[in-house]
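Chains: A, B, C, D and E, in written order; residue numbering restarts at 1 for each.
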Amino acid sequence: MSDTYQPDGMEPSIPRLEVRDVTVRFAGLTALDAVGFTVEPGSVHAVIGPNGAGKSTCFNVLSGVYRATSGSVRFGGAELTALPPHRIAELGLARTFQNIALSPRLSVRDNMMLGRHRLTRAGFVAAGLRLPSARREAALHNARVEEIAAFVGLTDRLDAPVGLLPYGVQKRVELARALCMEPKLLMLDEPVAGMNGGERRDMAELVIAVRESLGISILLVEHDMGMVMRLADAVTVLDFGRRIADGPPEKVQNDPEVIRAYLGATSETEEAAS
Amino acid sequence: MNVHASRPPGASGLAVRDLAVNYGPVTALRGVSLDVPRGAVVAVLGGNGAGKSTLLRAVSGTLRFQRGGITAGGISFDGAPLSAAGTSAVVARGVVQVPEGRRVFARMTVEENLRAGALGARDRRAAAEARERVLELFPVLAERARQRAGLLSGGEQQMLAMGRAMMACPQMLLLDEPTLGLAPLMAARIAETVREINAQGTTVLLVEQNAAMALSLASHAYVLEVGEVVLSGPAGELAASDEVRRRYLGVGGDAEARPTGGPSRRPALSRWPA
Amino acid sequence: SDKATGGGSGAAASGDGVKTGPGVTAETITIGMMTDLTGPYASFGKSLTNAQQLYFEQVNKAGGICGRQLESIVRDHGYDVQKAVAAYTEIGPKSVALAHVVGSPMVNAVKQRIEADQMLTIPQAWATHLLGSKPIQVTGTTYDIDMINGVDYLVKEKGIKSGDSIGHLYFEGDYGETALNGSKFAAGKHGLKLVEQKIKATDQDMTAQVAAFKKAGVKAVLVSVGPRQTASLVGVALAGGMKVPFLGSNSAYAPQLLATPAGEALLAAFEYVTAGAPMSSDLPAIKKLGEDYKAKYPNEAVDSGVASGYIAAGIVVDALKKACESKDLTRAGVVSAHRTQSSWGDQYGGAMDFTAFDKPASLRSYIVKPDKEALGGSVVVKEPFTADIAGEYQVPAGG
Amino acid sequence: MSTFIELLVSGISVGAVYALIALGFVVIFKATEVVNFAHASLLLVGGFVVAKTHPLVGFWPALLLGVAGAAALGALIEFVVIRRANVVSHSVLAIVTIGVDLILVTELTRRIGTDVLALGDPWGSQVLRLGSVNIPVTRIAALVAAGVVITAFLLAFKYTSWGIAMRATAEDAETAALMGVRRGRVSMGAWAVAGALAAVAALFMCVFPTPGLDRNVTAAAMKAFPAAILGGLDSTTGALAGGFVIGITESLVGGYQEELAFLGRGLGDVAPFLVMVVVLLIRPAGLFGTKELARV
Amino acid sequence: MSRTVTVAWWAAVAAGVVIAPFYLDAVWLQDGLFAMAAAIGAIGLNLLTGATGQLSMGHAFFLAVGAFGYVYFASSPSPDGEFGGLGLPTPLAAVLAVLLAGAAGGLFSPIAGRLKGAYLGIATLALIYIGHFVMTNATPVTGGHNGRPVPPMELFGFAFTDTPEPLVIAGVPFGALERLWFLGAAALLGAGLFARGVLRGRPGRAMNTIRDHEIAAGVMGVPVTRYRAGVFVLSSMYGGLAGVLIALVFRQTVPDYFSLILALSYLAMIIIGGLGSVAGAVIGAFFVSMLPALFTRYSDALPLVAPTGQEGIGAAEAAQILYGLAVVVVVLFLPGGLFGLFTRARLHLARRTPAAPPAKPSLTPTPEARNG
């Protein structure tokens, strides 16, 4: 338990994430086939690959939504494959979802406060009786939520119901909620899908800012190669659940196998981002 | 049914005039006019919340599902108004939409989803042909015929949504962000498809965040901002205008002119606990 | 507030020197009814209400009681306990007695208050649990006595003999379980083996129960359930070639059944035990009641509720008259007056003794059988009688 | 032994009736993902119409009228309530149907009063004797009806586009509309069908061995819930299986009450629900139900 | 909604509650008390169904557990040894009864934790039937079919009974009902505030997210299964408390009362009042429990309603029909229930801004275009 979170002022240690021969089988198909890679502390690691390659499945294994058929995922001292989602969350892994998964009727603030769940303690009794401890806790974490909202640029939306916000903003709320978990590893599943050039650039900057100011590791799934190339320190490429390439972006980008399976000869997104 | 034969000569295609749409108190479109000539591909660009999807909903007559409604203006197809008789009437006239965000029938199998797509088609044989075409276009759908659609990957779902719409052998396709979440290669494949079905005589109205791709496909384009048409013209011209390049192609440009108004100098975020 | 003044519930003496309490003014005596007009016993409740209002009318015509006119407040509880409790809270303070309360769950729900208020109450249920409470007067026999007499009848006249087994189909709850006590006792006495089958009011199809009885080879079946279940039971049994006598409690039969396909079977093999004379009986009092009722309610069906209600009304009225004689019309006064009567209502086919409240008022039962033509749908088979073993039976009075 | 067989047979035959009712739930659930608590009132209406009309027009026409009436009512409920209810949650709609049920049942029971209405069926109290076992002819009819109807639906759901349209609408009305599905028609059709089914079920519930139609019919209908659930709310086969399981459980527990007396009497009513709970513990989506799979 | 208005509003309510017993007849107080009990139960159900999206149709069972639990704990064994009892001090008995109800909920948690939607709803139906079976068979504890008399509550020597000689305040005799009135009001207030705290606090957010997006909730660190079970237990305890109060008002518990009808009426309450909010539950509870009373008492005054005993739609039936209708109408035309209507109206008065688009009543995720 050496690297569980210690909120007593000392710098949290950012552990390394090691994925080893993770295999996931669903009735009749192998979504992940002995996939392995390592996310160095504080780095931005991208996972790319064609549709259905197994990227989200990989995220789902890391966050405990799916159970790996075999293989191991170590995050610092802990072995994740055996843990349920909420235990993994406690270890400091946070993620966003490919399809927005917010509570549409709750305000942005409440959605973000949910991110603080693992960092707060108030149970039914404490909350029900409004014990001073609960009130203090709420105030403290509410302040932090506003800090993060300002950072992500949601301050003016804090009290709007999420459901009525435009998609682009909802995407940012997802990121904000993940940040509210004070993660040591942040996993982003297609953060800029469905955004236009301008918004993509914003999001990219935001991700960079996160990494700079928090120094946490970031695992990124994205189809926008421009963004991947700009942000990633290392890239893992999946195809049909197998790892077909791994390494620094420019090396991967010119890997013929990757071009064949994923990028294609010329790609509009390239133009878009160039 | 045979698309070519059934096309009356000198038909006008889709015409939208001074359209205004509200969602309860929220006004989503005002004074929007646009034309989609028979056999053309027309693109609609615009930031998040600009009203693109609303426009398509208005054409297909699905606003009521969102508690919205047309408050002014009108829409006509081939001269005759697209009656308020309801969505099924619109589909019956061969105007079919690929809705935003995939919206596959998650609990039904891929196969059944495709059959659902054919419900609108008036003749079985054409539907059968269409099915051939869809499956060769997206082989993965054939592989997964028996899988529940909800379990497909994001991209696979997008392909299914596209294929499902094509099952109805539409005379006009309304595409809402068809490349959302697709890998570059697949996005290119979609682009191809659009060209192909258009070549076969299907008119296309394309809403796309991937402006580069959209402009490369379209003969003509409109730019929506907060519910109004701010720019329109031949695709080529628009692609050349640096306004569009900056805002929608995300190329060059400076912080001030960002569409989403994300704060340019964001407050630094310190590690928790502060 | 009006409440402040209206609070006093203590007894007071009115002009004519008669002690009065709640429900009694100088001009009127108010009697409550807690009935079921919308629930499962709607038709029964309606007959009760009609019959009692008829009786009070007749009394008023004859000049009322103690120079006071009788008034009635009716509340429909639709066989819902909460409504019953609410109803009692509403009409209790305004009434001197309750001429009828339908449903023993409802009586149970307000039993404590009835006792606290010393409110003379005639429940329209015949469970032993209702005995043992001074103000509550169960009329006639209780279900267990009926069953004891019934078994006696089976042995004496239907050729059931020691060693045979007989079945008993009964409802869960007061009704069924009271009846079961009787049948157990009688079976013991006569050396019969009793085969029990307990069901719920919602059960409709008695096939399984019939199968069970057949399996046990019963020679006769006692029936303490609702009319519907009776119909199903007898129908299935006969259709399945199980030709044995079926003997029911008085709540197991309703004339409506004769209209259904099961009617034939009932006419063929079913009889029931009851303390009250059927409407078709040739007792003058009952005959007159029949005529008066038809006269006042020409298009109302006549069922057992008519006689029960009328008799209950009679009990209350006579208690009031006695109380008037002793110049005490308070509730307590009425109850004690009532309890002085040791032989009441012979004209209705069997005198009742009200002096002991932990015993049934009577041990005599009729045997009655369905009949299409007869008024009230049933005719007497055997005039009222008491099984000799009935005397030894210790009635388990409720607290 | 013969008792056991007799109980088993009677259980199966009762089960057929439950199956018919359960199928009603299934149809609605597949079409609208609503658990229809108003089904009981559909039963009551169907039975009521038959009971009231058979003296005038004879049994078979009366049955037709009953089926038509219940179907019409079903369609009406859909048209007036379900279609307009602008709710996202199907559970809320389920509660709405409770409201509808309350209204209809109250009015119908008022009309029925405490009468027991005969349905004038041709089978009367005939029974078929197989050795020592007796089976009411009505129940054989029920068994046949259930078998036929349920196979029919099985095929309909699998192979007609009606089934597809129905399920599509149920899952996402807006997108289904984009496929050209007439939402109204589809779900209205489903409700009408469910109504028709209810009428048929009502017939078999109210004929021999039960004395006839009365207000308690609705209470008996409750037993079809465990049937539908443990079979799997979205499975026609499930409805049949569930019906049988419940019917047999009930009949055996009732028949062997003496032997089970140590568990307390009156177990017959609880047993079906206990069975249901056990099944759900093992298979949360019922025996044949498709289990809820979500991914992100 | 400005503070002063809110304060004034609460003050008015409080005043109303305090003076009610001085003016209302016993029968109204009794209905009021039934309504208060119902409100407590409804709040509990709303935590479960409204806020967490767990449909429960077995709520009446937990009321029964509370009621019979209290009776058993509080009453001393009957001399003939037929009925048992612990003869504990009544306040303690009440607390234990509530805990017992919670425990009963806990026993059900293997189901409550794993099932959802319609399946859970109908699974909970089983509770009603099982409950009835136990109540009627465990005679020594429950008194069987006839139930058992309820020992009156006694707080610090102050008994909630009619006897001894009613203490008279301002000329009004304070009998059991008048005294219970305040007990009930206090209990309701407590229960309401507690639930409000839960809903607005950390648990509430977790519950809502479980309702809207189970997987997301898990990934955000919410132990979904445990939370589901927990909420179920909590709402069971609310049911238990309601049961205790009902028992005290009844003075005799009868199994027949805790029926399916009762359970369904609780669902009706939270729908009519408004899903997910405390106030909604309370409003709905009062609406549903007072309606029949109003009808029966004023049947002769009402059009279309036949006076007791005459042909036509009787008061009881009219009430039934009306509340069935209310459920339908609310869902059709008043998303957010009566409370939603109320708040929108208030917003309109407070400032003339258009109210926020009403939330559709929802126990499950809204199919937002992209919320998958």
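In this text, a residue touches a chain if its C-beta (ideal position, glycine included) is under 8 Å from a C-beta of that chain, and two chains touch if they have at least 3 such contacts.
Nothing here was measured: the structure is a model prediction, and the numbers come from that model.
K.L.:
Among the other chains, which touch subunit B and subunit E together?
P.N.:
Chains in contact with subunit B as well as subunit E: A, D.
K.L.:
More contacting C-beta pairs: C-E or C-D?
P.N.:
C-D
K.L.:
Which chain has its C-alpha centre farthest away from the C-alpha centre of subunit B?
P.N.:
Greatest centre separation from subunit B goes to chain C.
K.L.:
Whole-Å distance, subunit A centre to subunit B centre, using C-alpha means?
P.N.:
The computed centroid separation for subunit A versus subunit B comes out at 29 Å.
K.L.:
Distance between subunit D and subunit E based on Cα centroids, please, to the nearest Å.
P.N.:
Once rounded, the distance between the two centres reads 31 Å.
K.L.:
Approximately how many whole Å separate the CA-defined centres of subunit A and subunit E?
P.N.:
Taking the average C-alpha coordinate of subunit A and of subunit E, the gap between them is 42 Å.
K.L.:
If a residue has to touch 2 or more other chains to count, which residues of subunit E qualify?
P.N.:
136, 215-216, 314, 317, 357, 362, 365-366, 369-370, 372, in rising order.
K.L.:
Check each residue of subunit D and list the ones that touch at least two other chains.
P.N.:
86, 110, 172, 174, 222, 265-266, 269, 294-296
K.L.:
For subunit C, jot down the residues that touch at least 2 other chains.
P.N.:
Where subunit C meets two or more other chains at a single residue, that happens at 38, 172.
K.L.:
In their shared complex, at which residues does subunit E touch subunit C?
P.N.:
22-27, 30-31, 34, 78, 136, 145-147, 149, 162-163, 166, 168, 170-173, 177, 249-252, 254, 256-257, 292-293, 296-297, 308-309, 314-317
K.L.:
Given the complex with subunit A, which residues does subunit E contribute to the contact?
P.N.:
Residues 194-195, 197-198, 200-206, 208-209, 211-213, 215-224, 230, 234, 356-357, 359, 362, 365-366, 368-372 of subunit E touch subunit A in their complex.
K.L.:
Can you check the complex and tell me which residues of subunit E touch subunit D?
P.N.:
49, 53, 55, 110-111, 114-119, 121-123, 125-126, 129-130, 132-133, 136-137, 214-216, 260, 264, 267-268, 271, 275, 313-314, 317, 320-321, 323-328, 331-332, 335, 360-367, 372
K.L.:
Within the complex, which stretch of subunit B touches subunit A?
P.N.:
It is residues 26, 45-49, 101, 140, 151-156, 158-159, 177, 180-188, 191, 209-213, 216, 246-251, 253, 258-260, 262-263, 266-274 of subunit B that touch subunit A.
K.L.:
Of all residues in subunit D, which touch subunit C in the complex?
P.N.:
Those residues of subunit D that touch subunit C are 3, 6-7, 10-11, 14, 110, 113-118, 124-127, 129, 134, 136, 205, 207-212, 214-217, 219-220, 222, 250-252, 254-258, 261, 265-266, 268-269.
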